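Right, one structure below, let's go through it.
Each chain carries a letter (A, B and C) given by its place in the written order, and its residues are counted from 1.
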Amino acid sequence: MNNLLEKLKPKEDKFFLMLKEMGAIIVSVSDLAVKCVQAASHEEAVELYRQVKEQEQAADLVQTRIFEALNNTFITPFDREDIGQISSTLDDVVDLVNSCAKRITLYKPKALPASAVELAKLVHESAGYLAQALDELDSFKKRPEKIKEYSAQLVTVERKADDVYEEFIIDLFEHEKDAIEVIKLKEILHELERATDAERAVGKIIRTVIIKYS
Amino acid sequence: MNNLLEKLKPKEDKFFLMLKEMGAIIVSVSDLAVKCVQAASHEEAVELYRQVKEQEQAADLVQTRIFEALNNTFITPFDREDIGQISSTLDDVVDLVNSCAKRITLYKPKALPASAVELAKLVHESAGYLAQALDELDSFKKRPEKIKEYSAQLVTVERKADDVYEEFIIDLFEHEKDAIEVIKLKEILHELERATDAERAVGKIIRTVIIKYS
Amino acid sequence: MNNLLEKLKPKEDKFFLMLKEMGAIIVSVSDLAVKCVQAASHEEAVELYRQVKEQEQAADLVQTRIFEALNNTFITPFDREDIGQISSTLDDVVDLVNSCAKRITLYKPKALPASAVELAKLVHESAGYLAQALDELDSFKKRPEKIKEYSAQLVTVERKADDVYEEFIIDLFEHEKDAIEVIKLKEILHELERATDAERAVGKIIRTVIIKYS
């Protein structure tokens, strides 16, 4: 009986807290990414990848807790599907950063271009906006404006990342004559560009939630 | 109160009209793709990609309007999830065509093979069937047969595209000795093959809707 | 009226039987994959791919039957969405194995490394656990422990596959100097690694279903 009451009671705090945890992980992991693309040696990159992987596993655990809570809670602060989608898209961001760091350590490219650093910094910039948007989520009915603003910033950063990635691709095919390096660099930087896409996608879902409840 | 009544009133026309708009965009964008793979110069390809991108942005706007309408309408002409999935898979088609044109302009391949033209024409052929199926959607309860026929055509065209792509891949690995060209051509044509997959997928969802309501 | 009663009657057996069919297909198709990566000649690989494709088409038919049944049944043994997701993720496994065999026959790599055999064997090992988990599914309320154990095994095998794939990638970029071979081998083995991911994902969904109903 107690258990049932527990299940019926809105668990707003729980979900908001877990999503904030995901936001904090994304900030940490993207900070590690900025360091990893600038690593002075293979050993340093390997050590940074180890730290990225720890964050990735932490995100997996939060994600599992969120899904278990969704299955065990009758009333959620907003649509169950939206919470699930926010959580799994946040997890995608972490996976993409992890995949980028992993590829750096496995592929051992001769050198990473300046655009890798630019892209990692953009992933980190978006992570900051996302974390702030997730911090505001528990007051989205009262103050939707701020979240809408963060969501707009995510679009702007993602467009910048697109431009950086496009310039990188043009340059790569024009100047890199070693096909194996082309493969390596293209796949490493692509994960960062996709991370900003996923970050923008989270912003879009959050924005839709706000519109739905306004 | 008026607003509530507005929300309760079935908005059939609205959804059907917006899906028809998506159908028209797919026809236009695939027509541009046929031209883009045959562009006589890099400048022409760039100009065609610019037009493709306009269509891609138009599709994004329709897609956003559809999702906003889904969130604001209590009664939809058929399952909310199905409308959402049709719309987002149509958007995938446009994104894939856009990605193909973008890659042509960024990668600057030495030359595109005849199979690129064949594939673009198949994407365009499927777009025609899709647009017709979407035009029939508002009378799917009365005349399901025609839509089933278009859906069958989408399967046929997708199989043809599979064969063309397979032949292209075999030929590419047999004759192209420049690994960088292999990367470029493979990635450009792959988007067209995936576009026919997405077109077929839309046909399948529409078919399922019809079966559900028959 | 009879039709309505038919629709109302729980069709547990039907769904469990169809999911078991999918499990059997995954065992067969992964067994063919183990043979295909060890094929002594191109002709043998082509013949094995033909058999893989047959299984892939069989899986498509079961998948279609499952979705039609989901649309026509009012009461399902567990959440409709979960049955759909289990079914489509099982189908992903088959598609990935099919794609691997297809690439072997289209790309004609000079030779496949030992890690290809290892990976195919891991896909097959996971297929065994999956098939057993699917066989237990109709008694998941009575005996959840066994399914949880199979699900844990799927995680273990997937991690092994990750390690094998990582070692392969390091080795490939260190020793293979022919960029075209790099592309071919990387893409062929990647599908096998992704197949173990999809197998693990099915285990995770099944585990979630069990927790939901416990």
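Assume contacts are C-beta pairs under 8 Å (C-beta built on N, C-alpha and C of every residue); 3 or more make two chains touch, one makes a residue touch a chain.
Quick caveat, the model's predicted, so the values are computed rather than measured.
Among all the other chains, which ones are in touch with both chain A and chain B?
Where chain A and chain B share a partner, that partner set is C.
Looking at chain A with chain C, do both copies bring the same residues to the contact (over half shared) or different ones?
different
Take the average of all CA coordinates in chain A, do the same for chain C, and state the distance between these two points in whole angstrom.
That gives a centre separation of 28 Å.
Would you give the residues of chain C that are in contact with at least 2 other chains, written as numbers and ranges?
Within chain C, residues 179-180, 183 contact more than one other chain.
Mind listing the chain A positions that touch chain C in their complex?
67-68, 71, 102, 106-108, 179-180, 183-184
Given the complex with chain B, which residues does chain A contribute to the contact?
166, 169-170, 173, 177, 179-180, 182-183, 186, 208, 211-212
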